[in-house]
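There are two complexes below, and they share subunit A, which is joined by subunit B in the first and by subunit C in the second.
Then we have the complex of A and B:
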């Protein structure tokens, strides 16, 4: 049985994990993921790539909504900005893929000031509506700025390349997306332990109290929006590099709702929750497909005409069940399982 | 005894070899096809109808014994009309489900997004729902497109207004979506204006997703337009016509093929304008369309039958064309053979549902003749004004 440890110096206090076990598990998971292209086909890889890429965006949203407590329904807008920035910078300006990726994040971060500034005076539903309006504005700007974005025709996107090495093809892009996700996870874990990370938590819990303790609310909230938008912009750029073609249809308002669902199902404010939530939502339609397939021909025939409606319904039901039965989401379940395992045989 | 054993072993080896040589998605008894369609969301009206057409063709073919002893089966993937999901869906069909060919490929930008995957897999693909010129320019060796370029949809009804409705002295206008699709319609409209020396007094672009057309309609009224082409889709067309009625405008209206969807006709009916629709597929009210509906009643479920519209005809024709390519390969069905046979396809008949279909041209595009229809707002139905005519 593992016991908790007392921290006796600063190095122990700031360490990402106080045990070797999490590192070993993480290394094992990474090794498994690194071997995945050897056994998975294009579709399986495509699903994993989607999970990796969206997880980066959801990590960003989680920082804003889960950690800093600022609700956003506008992340489809940041995703769209990142995707178009990547498309324009690589296709029209022939910038190297990695530089374009970082610039795409930076452009989204700058654009976040449009909603970040009103957030200083708005809370809850009001902020949600403001951010929602932001998505509509961005979509319209993209449609009207035809010279830059090709309007509703959409844009082709160059394959991601770094120092002359092209990540064209599912297998290569898979590793690029995996590396980006690992970097995003490490950055997030570290960010949450910094002064600004703790300030975000304080603002989430009680912003007036946080202010009374000397936290600059304006700077803290704006930084939350900018960092979150940077992550989402990078995710958008990766979405563009993955599909190699973008138009505004890919980034509907529903994407923002789905992203929020991923955060909630995963567990607000938890890094691993963001990844688990994304994986669950992305894999849910495939799981339902398998479930209907395994249920036999009778169910298949019965569902033949209604299958798509049923899938949509199940999607909602799963989210509702999580909210009702496990408000801490998958991260909560993970914590309980871990506690049972660590404290066994004394676990309850 | 020893000889018998050797013969049996040789036969087993041969059959094993044949099984090994079998093409992806083809077994001794079945050929697996795939479709990516918008089966959920607002565009499901199109996707479900298209899939119903494909199901109908497959049911009909299978009821007649299949193709050279093999039955057809199809897997339908929903993309929700989102290009990134189209890419994911087509990868699933090719890589996970291992389909032999694709017969339905959702909207135009979605198809453009799927093209790299389709080209890489070298999979026979029939595009029959959204004939975007970018799909066949440049030519993709395994992709075949059914449908004329969009500009004909803008040209044909304007020509009819001059030829048959004696509107040569009229004032004309067009509302078009400000993208490649809308510009192709505008090009067709302008071609008619130039060819017949007509007065085009208003050419008004609108942005995709626009819902309010009151300013545009007011401009058309101010310019005294008597004939107008609406490059709008279902709900937008109904909204524009409702504005025309509110302003009590006396105007002859034409729109593109989506205007003959029963839902579109019903939506526009209250405005009371009998508008012109060009289409390269038969309508539900044509004898050929009626015959197909009878067949649909026999083979499709009530839900699929309820989705019947021009896209059902589209799905049916697309699958029948692919089936013809497969049939011509005989017992040895391979992707290369089907592509080769489709490349040779000439004047394939569809019993009046379309004009003859030919792919033996540099683009492998069946540029179909167009039929003109007109709606009857009182009965919310459609009647044909012409036969299929090549322009």
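Then we have the complex of A and C:
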């Protein structure tokens, strides 16, 4: 049985992990994921890509909502901005994919100031509604700036390429998405143990108290919005690069709610929670499809015809169940299971 | 000039609809301090249920209205009891997320049960426009305006005269003190949800009488937010005023500045208003102790 760890200096306190085991497990998981394309078909591969790409965006939303405590119903707007930035930069301006990816994130981060600035004066619900307004405004701008975005026709997107190497095809894009996700996870983990990350936590717990402790509220909140929007913008750009064609309907308001469901299901403010939550929400419709596929043709046609409603119903039920029964989300379940095994003969 | 008058009139009518939605938001906010993101979906459910009731042969409209209102009171109480009350004492984020989850569940279930195709709603008040001083108003539009005016007066009286109304104000002011004064805070929250469902019923019926029964109706919840914010989340009568202002502003923006702007004029307006007055026009500033 593992005994208690004692931390004797600051470096140990803020270390990513105080044991070697998590690194080994992470390496093992990565190796497994790296081998996945050899086993999985196109369908499974695409599901994994979707999970990776959306996880990046959910990590961003998690930083804002879970870590810094600012509710956002506007992340569909940032995804939309990121996706269109990627489309315009690669298709119309022929920029290389990786550069466009970073620029897409930066454009979204800049746009986030539009919601970030009101957030300095607004709290809680007023802020949530302003972010919702932001989604509508972004949709409108994209639909009516036809010279730039081709309006409601949508836009084709060039495949991702780095230094002449094109990530066309599922297998190549899979590795690109995996690398981006690993980078995003590492960036998030490191961000959360810096002064900024701890300031976000303080702002979440009580912003006026945080200010009294010497935290610059304006800088901290704006930074939370910008960083979160950057992640989401990059995720949007990756979605665009994955589907190769986008229009405004790809990112409806339901997407913002789906993203919030992922954060809640995973567990607020937890990095592994964000990925677990995304995986669960993405895989849920597929699992139900399989489960009910056996139930007969009636259910099958219902799933095919009304997939949008069935999905919505599922997200809602999952949100309600997790909020009522397990507010800490999958990360909480993970922690309990782990504790059970670690303390096994003595666990209660 | 005629164009302007027409824009303002139809703006007021749409505004009355926003106002009814906003009053529903405000009354829940007043009693429980949370925003009910499912207001539009409750409205949708009631409207579809009203449609099913109206297909019963031989049921007169004067009987339909009380039936729908009774059903919506029941719905409000059930939602409060099943979903809202168990979350008492949880962080605000979770409580608001419950209403968002509820919204998605209701919308999807309604679409699964009744389908997505728009259906014509019966016109029990007739479909001939009424002419008043050169302005033509359809019965559905009059229904919306009259219900808004009526409910405004009733609410003003309710909050200043009735025991429950005053208890509700006390609860929103300070829950613990209200509890100490012998107010049943849980009952107040139930009443607030029932009342907000009644507002949803009036808004839903107005929508159906003006347009038709369509899934778009749940969007009215989102579109009513600017009105709520403009009036201040905690001011019920302010919400009605906010609705009228937003309705007229949207119509004028759509009529003079371009069609697409109609959809977002309200949202742009509130972002600007909130920058200047963070608690809306009639909202109370919250002062917090650290």
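Operating definition for what follows: the second predicted complex is superposed on the first by the 324 of 348 C-alpha atoms of A that agree within 3 Å, B and C clash if a C-alpha of one lies under 4 Å from a C-alpha of the other, contacts with A are read in each partner's own complex, and residues count from 1 in each chain.
Just so it is clear, contacts are C-beta pairs under 8 Å (C-beta built on N, C-alpha and C of every residue); 3 or more make two chains touch, one makes a residue touch a chain.
In this text the structure is predicted, and so the values were computed from the model without any measurement.
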With subunit A superposed, do subunit B and subunit C clash or fit?
fit
Looking at the overlay, does A:340 come into contact with subunit B only (first), subunit C only (second), both, or neither?
neither
By the touch definition at the top of the document, which applies to A:118: first (subunit B), second (subunit C), both, or neither?
second
Is A:312 contacted by the first partner subunit B, the second partner subunit C, both or neither?
both
Is A:128 touching anything from subunit B or subunit C once the two structures are fitted on A? First, second, both or neither.
second
Just checking: does A:25 make contact with subunit B only, subunit C only, both, or neither of them? Give me first, second, both or neither.
neither
By the touch definition at the top of the document, which applies to A:324: first (subunit B), second (subunit C), both, or neither?
second
Should A:165 be classified as contacting the first partner (subunit B), the second (subunit C), both, or neither?
neither
Using the superposed model, measure off the angle between the directions from the CA centre of subunit A to subunit B and to subunit C, in steps of 10°.
70
In the superposed model, which partner reaches more residues of subunit A, subunit B or subunit C?
C
Between subunit B (first) and subunit C (second), which does A:144 come into contact with in this model arrangement: first, second, both, or neither?
both
Once both structures are aligned on chain A, how many angstrom separate the closest C-alpha atoms of subunit B and subunit C?
5
Subunit A positions touched by subunit B in one structure and by subunit C in the second:
140, 143-144, 306, 309, 311-312
Touch list for subunit A against partner subunit B, complex:
41-44, 46-47, 50, 139-140, 143-144, 146, 151-154, 170, 239, 242-250, 252, 304-306, 308-309, 311-312
Quick one: which bits of subunit A touch subunit C in the complex? Just the residue numbers, please.
65, 69, 71, 117-118, 121-122, 124-126, 128-130, 132-133, 136-137, 140, 143-144, 206, 208-209, 212, 253-254, 257, 260-261, 264, 268, 306, 309-313, 315-320, 323-324, 327
Hey, which residues of subunit C end up touching subunit A in the complex?
34-35, 83, 86-87, 90, 92-94, 96-98, 100-109, 111-112, 116, 222, 225-226, 228-229, 233, 260-261, 263-264, 267-268, 270-271, 274-275, 278-279, 288, 290
Seen from subunit B, its contact residues with subunit A in the complex are 39-40, 44, 78, 81-84, 87-88, 91-92, 94-96, 109, 112-113, 116-117, 177-180, 207-209, 301, 303-304
